[in-house]
Amino acid sequence: MTSTATRRRGRMARNWLMFAALAGPNILLLIAFTYKPLLQSFYYSTLQWNIGSSRAISVGLRNYTDWLTDSQTPHVVGVTVVFTLATVGGGMVLGLSLAVLLNRRLKLIGPARTIVVAPYVLSGVAVGLLWLFVFDPNFGIVAAVLGFVGLPSPAWYNDPQWALVMVIIVQLWKNVGYIALIYLAGLQAIPKDLLEAASLDGAGPVRTFRRVILPLLGPTTFFLSVTTLLSSLQSFDIIQAMTKGGPLEGTTTMMYEIYREGFVAGRAGYSSAVATILFVVLLIVTLVQMRFVERKVHYA
Amino acid sequence: MTRFRLPIGGYIALAIAVAVMVLPLLWMLLASFKGQDEIYSLPIQWLPSSFGGANYQAAADAVPFGSFFLNSLITTVFGAGIKIVLGLMTAYALVFVEVPFRKFFFGLVIFALLVPQQIVIIPNYTLVASLGWLNTYQGIIVPGLASAFGTFLFRQHFLSLPISVLEAAALDGAGHWRRLWAFVVPMSTPTIAAVALVSVVTEWNEYLWPLLVIDRPNMMTLPIGLTLLQNTDGVTNWGVLMAGTVLVTLPILIVFFVMQKKIVAGLTAGAVTG
Amino acid sequence: MNPRSTVFSSTLTRRNLLTLSAALGGTALLAACAGPSVGDAGQAAASTAPAQDWTGIKPASSITWWTNHPGASMATEQAMINGFQAANPGITVNMVTAGANYDEIAQKFQAAAGTDSVPDLVGASDVWWFRYMINQQIIPLDGLASHLNANTADFNTTLYDDYKYADSHWAMPYARSTPLFYYNKTLWSAAGLPDRAPATWDEFDQWAPKLSAVMNGAAPLGIGKGTSWAAWWFCNIMWGKGGAYSSDWSMKLDQPETLEAGNYLRRIINDDKSAAVSATDSTADFGAGLSACTVASTGSLTGILASAKFEVGTGFLPAGPKGAFTPTGGTGMAIASSKSPEQQLAAGMFLKYLTDAEQTATFSAATGYMPVRTSAMDGATMTAIYAKKPQFRTAVDQLKNARSQDWARSFVPSGDKYLTTALEQIMLQNSKAEDVFPKASADISTSYDQNVKPYL
């Protein structure tokens, strides 16, 4: 009895040691560079602290109330919501349509698949710079194409709404191929006999798509909705390279506001407060997403 | 039924999709050969008058692209490489090493995905600076080394592995360490390829963090170096800037096109099991 | 079976692991020490430290200089370092490219505070040096300048006093620019106008329809938007009408003169259509012939001459009823407070060298920035430049109209952003000045109360 208990305890200790050896470094790194700074950031959010200063003043929750009562806040939240919904929702719809197209047996479909994903691997800064030039209303390619069909170029850089549309387009251009590729894999994983069965039952293509294909793509949709939501809410490089949040703050998302308040205005405490709020929102949205998906999607 | 008809609609849609993806890149490439006056001309001039490398020369003269490239390579290889190893080890421990509270540790790893980089950037900068790691490779690499996304994907994949193979290996006396590298890893190459691609792309394109911790040109990575070409107090020299952009995007595009089969297979395999 | 796996298992011993965990745990502990010290309110920034006595201090042997090489001046700056090191064999200067622009330098300098990577000499642009000062990151230079006999009286007064607060100067002018009025001589003569910039904004109003007539109805004046820019050149219109953003710390945005200036801007863009806001780069648009004239920095001269296919004229910014004024911009150089007096002395010696009459003329000739010393403006180097690029003379002559910036824009965190937002509403959305300036005024006051006042 005692010897088995000792042995079990010994095995447990060995397992713990093994666990620590394997998972320990990663977990310690996460603690040192993610969780600890996260807590520090919570603390900073209660300070009036100009970045670079060795002095700070404790202000309690003033940074939070300031943000919540700032007349610009509804606008920034609106921009964030539009940008996120358009890039996540639009990205999924476009990506799925593209995937259906790429799933057809056409000639040259292989190279086409590769080309469509290519922008995903490019640097956000490089993408922003190159589209800055593409969208130039006088010397850019978009204006030239629109001019060809007799349309004037929208004021991409002077109209806050068009500017937002512009950065959404660029974000979509960069990521839609990746979404399509993941959906394509999901489509190809659907057993052929299921589709044949549906077709034998007399279901048309639209019905098959809605009743058979879409539900089977559930796990893929969930995976994509989580990853693209996280990357959209944290999107920074493209906005920084193209509009720097302007004109008239038309492209200032919460993420960009955090950067600008913290590093351009130097208000580290205020910036940390906005970051904390964004973090909490992100947390809630993801949890809701998981709940929702858990109920809706049954995993195979 | 449609087998004998040419699917014209499909080809048109495909052509449009490809054109939308390619045209901006082509525009960048063409602009990189144009002089100031060709770029700022109305109506726009599509083709450069010559394909001389003057803008590339100017970009290379203004900033050391050679060392940018080397730095990007070093930080990418080490950053992505170590990250994958850490992810594999963690996922293995979470799935195959039986200890209590595994769920808690898994949660700890997954939860990190929700922490935006910008929220931790100020404390991390202070930490890296106090370690004397500014302008060093470890300063760029270490804070982003921990694997959360990779661990998540690896764990999902490991859960689907046939447990019998590993049990047989254990009976043969193979320890955890051997089981991981000799059995689990070879059975996971598509997922590893997927995580590797995402890690390599992320490291190569990383912008805000290296921008902060690096201030010497000889230590800068390509995306940071690229912004040095943006003239602040003059006319934007699009030709030179686009030449720089080509130099930044070309290497990763080449890697992507050369390895596209593996990458596409890996990306998709990783996601579907997720 | 697999040889690699055995290598791995033998290298990963328990002791290695313990060391690794200790190292990682150690970093976590270390991080706890960093961060600001928290008090109720700051002490006065300027008066805490007693004035340094420089006598008897020996300069350090090595200093670090953070610069963004304004005007693509890396080679010129290296040449100046070589000259300094030849004259002072005991001191080495390490030049560091700490950013692509003034803002990046400032971000890094502030982030580096409290670490040992702080430079000795650092770029301090017109909108950043004050922030360094209230953060106690830089030292006043008056004592050091007089110890080193760096004839500060020879500096252009406006350029030097841009860095003055609480009776001390916190930086020395280095790469300084002003906006100029650029015009397209071809269009000018087509419209039958005299070959000069309009003397006043009233005259511009009279000329604009004539220009518009030869441009298919396009707006003759192209102007730029965005932070660090719109609220800068607008000073010219505003001051000319007798308005101001602020006077010391009291806001002046609600004054009738300031409102009138804002509404003038609204009118020329939205009613008269004699001015238009450029999409990305107003200087590029001008160079391509899209606009007949523009307001751009002196530093853009070389780029404009390179891209323009027509003859480019330059002139002073037009005057208003209350006179002709121009803001100045660019960067100065400041000395870090966290360094030893020996380091600071060596940095001061280098700074004196960088800003002496000969170097400022050399730098000016290479970049297009203005010489910062009165004696240099009429020296041999500059005279040779004027002969080659007569447009350059305009910039130097216009310095007599230079005026130091209003504190609301340059000293208050986000001040420039709030002003830019208001001006963009006026320019892009046809808002009336009285509808948008009050909000900018309130925002700036709040920012001042929260971020500046407690530390003064």
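Each chain gets a letter, A, B and C, in the order it is written, and its residues are counted from 1.
Just so we're on the same page, contacts are C-beta pairs under 8 Å (C-beta built on N, C-alpha and C of every residue); 3 or more make two chains touch, one makes a residue touch a chain.
Treat the numbers as computed from the prediction; the structure is a model and nothing was measured.
The touch graph of these protein chains is complete, with an edge between every pair of chains. In this structure, the chain pairs B-C and A-B differ in their number of contacting C-beta pairs, and the larger number is found at A-B. For the pair chain B and chain C, the distance between mean C-alpha positions equals 35 Å.
Inter-chain centre distance (chain A to chain B, centres taken as mean C-alpha positions): 15 Å.
Residue positions 25, 29, 32, 36-37, 40, 44, 51, 138-139 of chain A are each in touch with at least two other chains. The multi-chain contact residues of chain C, meaning those touching 2 or more other chains, are 12, 27, 31, 35, 107, 111-112, 114, 280, 284, 288, 290.
Of all residues in chain B, those that touch two or more other chains are 40-42, 122-123, 127, 227, 230.
Taken together, the chain A residues at the contact with chain B in this complex read 12, 15-16, 18-19, 22-23, 25-27, 29-30, 32-38, 40-41, 44, 51, 98, 101-102, 104, 106, 108-109, 112-126, 129-131, 133-134, 138-141, 143-144, 147, 173, 177-178, 181-182, 184-186, 188-189, 219-220, 223-224, 230, 233-234, 236-237, 240-241, 255, 258-259, 262, 268, 271-272, 275-276, 278-279, 282-283, 286. Contacts from chain C toward chain A in the complex involve residues 12, 14, 17, 20-21, 24-25, 27-28, 31, 35-42, 103, 107, 109-114, 131-132, 134-137, 225-227, 277, 279-280, 284-285, 288, 290, 413-414, 417, 420-421, 424-425, 428-429, 439, 450-451, 454-455. Chain A makes touch with chain C in their complex at residues 17, 20-21, 24-25, 28-29, 31-32, 36-37, 40, 44, 47-58, 71, 132, 136-139, 155-160, 244, 246-249, 260-261, 263-267.
Across the complex, chain C is touched by residues 36-37, 40-42, 62, 122-123, 125-127, 129-132, 134-135, 175, 177-178, 181-182, 211-212, 215-217, 227-228, 230-237 of chain B.
Within the complex, the chain C residues that touch chain B are 1-2, 4-6, 8-9, 12, 27, 30-31, 33-35, 66, 68, 70-72, 96-102, 104, 107-108, 111-112, 114-117, 177, 280-281, 283-284, 287-290, 297, 299-300, 302-304, 306-307, 309, 330.
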